[in-house]
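Structures incoming, each one as structure tokens.
Two complexes are shown next, each including chain A; its partner changes from chain B in the first to chain C in the second.
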Partner chain A sequence: MTVLILTSEQDVTADMVVAQLHERGVPLVRFDPGDLPGEGALSAEYVRGEFRGYLSAGGRVVSMSGLRSIWMRRPNEPAAHAAEPSAWLSAESGQALYGMLDCTNARWMNDPGAATKARQKPWQLRLAHRSGFPVPATIITTYPQVARQFAEQYRHVVVKTVSGKPPSDPPMALPTTLVPPDADFAGVAAGPTLLQRYIAKRADVRLTSVGDEQFAARKVSEPGQVDGRYGDTGHVWEPVEVPARITRAVAAYKDLANLAYGAFDFAEDSEGTWWFLECNQGGQFGFVELETGLPIAEAVAGWLSFTAE
Partner chain B sequence: MTVLILTSEQDVTADMVVAQLHERGVPLVRFDPGDLPGEGALSAEYVRGEFRGYLSAGGRVVSMSGLRSIWMRRPNEPAAHAAEPSAWLSAESGQALYGMLDCTNARWMNDPGAATKARQKPWQLRLAHRSGFPVPATIITTYPQVARQFAEQYRHVVVKTVSGKPPSDPPMALPTTLVPPDADFAGVAAGPTLLQRYIAKRADVRLTSVGDEQFAARKVSEPGQVDGRYGDTGHVWEPVEVPARITRAVAAYKDLANLAYGAFDFAEDSEGTWWFLECNQGGQFGFVELETGLPIAEAVAGWLSFTAE
Partner chain C sequence: MRPFVWNYARPAELSPVIDQYSYDPILQLNVLTDGRPAIMDRALLAAVGTTTSKAGSATHFDD
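Up next is the complex of A and B:
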């Protein structure tokens, strides 16, 4: 039984898991959906109630009936490397590939439907409530007046993107930013705006959960630092124990969201409370493992190798 | 409790359901995601474990806690009508809107995640097998040799798009077409190709299922007509009784796919067998109702109005 890894060619995080799978002697095929059609090829047959399919890449062929698990690491857009790429060819190739993979009994990390839903920030906040996390007060609004009132009520407020992605045309970084007290909120009407109570944090926490396992790392913040993704503070990620309340909440969240993998970000305040900021269902773990030695790649390889008896 | 209808302004099918809801005295709000931000506005608040949200359009405000059901009819892309539209503004607006709607307890016709999965043609074929439909032998392949063998084996074979959509750049109609016996299959390598055994049909059947109800209509074909969507034959849609096997298979399919609504297309062969061609989770029903008088809009209104006691 084979593990299928869907990712682009340059992917150090995938390399770490591939090494672990090799060590376990588990067969794997690495496939970039961007190579379909071209270097990658597929065929699926639906005849007399039977389904047979296979996928080939780099001379390796994998049968759909022999798939153990599928890891959606960082796949390119289908047909991205085609001789004549087009939105239509990507749609056709994506339907053919993911539609065929959905016909198998393989377990997904993560299921594509669960992944799509899990990316929705408003739903994340609601789910975090239900799972028992402390969540900073948040609004998402197109009403300038609602934004102004929220900022007045909480005084220290940050603004973030709703989708979590910065604009790409033109490319632009949008770090989480403190809202100045004299801000003009008129622009809120031009696009939904996410405002959140600012947590004065003493550390960032990244918790990576793989199946039932949880790996947490902590990095001390500079006083007044708002977005830990930008700027080097000289501090490094260190392993940290997970409070019992958080362990339970992470398990509940992943269960409700039907996620096999999730990377949770928290802000640790001066009293040691971990405030839920977000759960990235496809979050990186390579940098955490390299700095902390936490065996996350091994856990991913273990989950992908698992065979129900 | 209010019904939310997500659709564009010009939508006769939605108008038919709106009329039925008015007759029942059920409050409704019609909202075009393309109007957000702009004529449409929203606000969601996640504070101390509580969620409150509302949506406003054309002077009507609907509270998320007062939503009974959501009908995804034919919504525009979020922010499509914005003063400065962009892919990023659409992503932000879509996340804000659909993420907020996912926080409610409203029932969806259809649930967006189920809809996405249900659009995958290869998965439809597999599901049709599992549900007990007769399904014409089909392949989806990028191997010219596999395509050639399939065409030789079945002799009468049609080619279709995989995703069901024609290319839009440049715009092009791609009707289902018979493959000539001397076809050159080399082009199959350039994009996944769907080939299906040709069913010599005497009629097209469109079965519209709403909740537990099924409405079938039948239109006689011209001999040799391949794609019923193109060309006028002079025949009209007429109501037809559903064979028991099909009734059971439709119910099984919708259950497995988690769909509240589905429009099933069949080819009826000379022996009266209904062959599954596809299930369009968002298929039109206006033209069927207008020609047959089948009360589909009433059934949709009924499903949307339902309140669990």
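Up next is the complex of A and C:
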């Protein structure tokens, strides 16, 4: 039985898992949907109530019935590398590929439907609260007056993107930023704006959960630092024990969200409370493993390799 | 009118040009110029930042 990894060639974090699968002798096919049609190909036939077919990439062929698991890592948009790419061709290729894979019995990390829902920030915050995490007060609005009132109420608030996706035209980075006291909120009317009560943190925590396993790493913050992804403070990620309450909340969250994998971000305040910021259903883990030695790639490979007796 | 959050944008970092390793379709992973898997050189991966939580930001928003 074969593991199917949907990702780009440039994804070296996936390489960490590929190497683990090689060590275990587990067959795998690495397939970038961006190569379909072209380097990647597929065929499936509907016969007596079943779709039977196969995928091929790089000279390897895998049958749909021979898949044990599918890892949605960092796939390019279907048909992204086609000779004549178009939105139509991407839609056609995506329907063919993912519709075909949805007809298999393979288990997903993560199921595409669950992944789509899990990306929605409002849904994340509601689910986090229901799972038992402390969640900072948050507002999403297109009303400048409402945004201003929220900022006045909490005094220190941050702004972040709703989707997490940065603009591409022109390409920009949108780090989570503390809103200054004299901010002009007129631009709130030009796009849904997410404001959140600022948590004065003493550390960032990244907890990566793979199946039933949890790996947490902590990095000390500089006073006033907001977005830990930007600015080198000289501090490094170190393994940290997970409080029992968080362990339970992570398990509940993933169960409710139907996620096999999740990378949770927390802000640790001066009293040691871990405030839920977000759960990235496809979040990076390579940097955590490289700095801490936490065996996350091994856990992913183990989950993908699992075969029910 | 610019969306409010754009007031706090900064220029996107350019993706690094990486010529220290390349994809090997036989092994299905990236290899260094001496043929070893790129993941063997952890210092290099850390330096080029391809495994960080900003690495996929240009095309993916699950970081």
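One rule holds in what follows: the second predicted complex is superposed on the first by the 308 of 309 C-alpha atoms of A that agree within 3 Å, B and C clash if a C-alpha of one lies under 4 Å from a C-alpha of the other, contacts with A are read in each partner's own complex, and residues count from 1 in each chain.
FYI, a residue touches a chain if its C-beta (ideal position, glycine included) is under 8 Å from a C-beta of that chain, and two chains touch if they have at least 3 such contacts.
Being a predicted model, the structure only gives us computed values, none of them experimental.
**Q** Quick check for you: in the superposed arrangement, does A:E9 touch first (chain B), second (chain C), both or neither?
**A** Once the two structures are laid over each other on A, A:E9 reaches chain C alone.
**Q** Tell me the contact category for A:S43 with respect to chain B and chain C: first, second, both or neither.
**A** After superposition on chain A, A:S43 lies in contact with chain B alone.
**Q** Between chain B (first) and chain C (second), which, if any, makes contact with A:I140: first, second, both or neither?
**A** It touches chain B, and chain C stays clear.
**Q** For A:T161 in the superposed arrangement: first (chain B), second (chain C), both or neither?
**A** both
**Q** Taking the superposition as given, does A:P122 touch the first partner, chain B, the second, chain C, both, or neither?
**A** It touches chain B, and chain C stays clear.
**Q** Which partner does A:G99 contact after superposing on A: first (chain B), second (chain C), both, neither?
**A** In the superposition, A:G99 touches chain B alone.
**Q** Quick one: is A:F306 in contact with chain B, with chain C, with both, or with neither? Answer first, second, both or neither.
**A** Neither: A:F306 stays clear of chain B and chain C.
**Q** Using the superposition on chain A described above, determine whether A:G191 touches chain B (first), chain C (second), both, or neither.
**A** The answer is both, since A:G191 touches chain B and chain C.
**Q** Identify the overlap between the chain B-contacting and the chain C-contacting residues of chain A.
**A** In chain A, residues 119, 161, 163, 165-168, 189-191, 194 are touched by chain B and also by chain C.
**Q** Per the contact definition, I'd like the list of chain A residues that touch chain C in the complex.
**A** 5, 9-10, 12-16, 18-19, 22, 28-30, 58-59, 74, 76, 119, 147, 159-161, 163-168, 171-175, 177, 183, 185-191, 193-194, 206, 229-230, 263, 280-287, 289-291
**Q** Name, in rising order, each residue of chain B that touches chain A in their complex.
**A** Against chain A, chain B makes touches at 36-37, 41-51, 79, 82-84, 86-89, 91-100, 102-103, 113-114, 116-117, 119-126, 129, 135, 137-143, 146, 161-163, 165-169, 189-192.
**Q** For the complex, give me every residue of chain C touching chain A.
**A** 1-13, 18, 21, 23, 25-30, 37-39, 42, 45-46, 50-63
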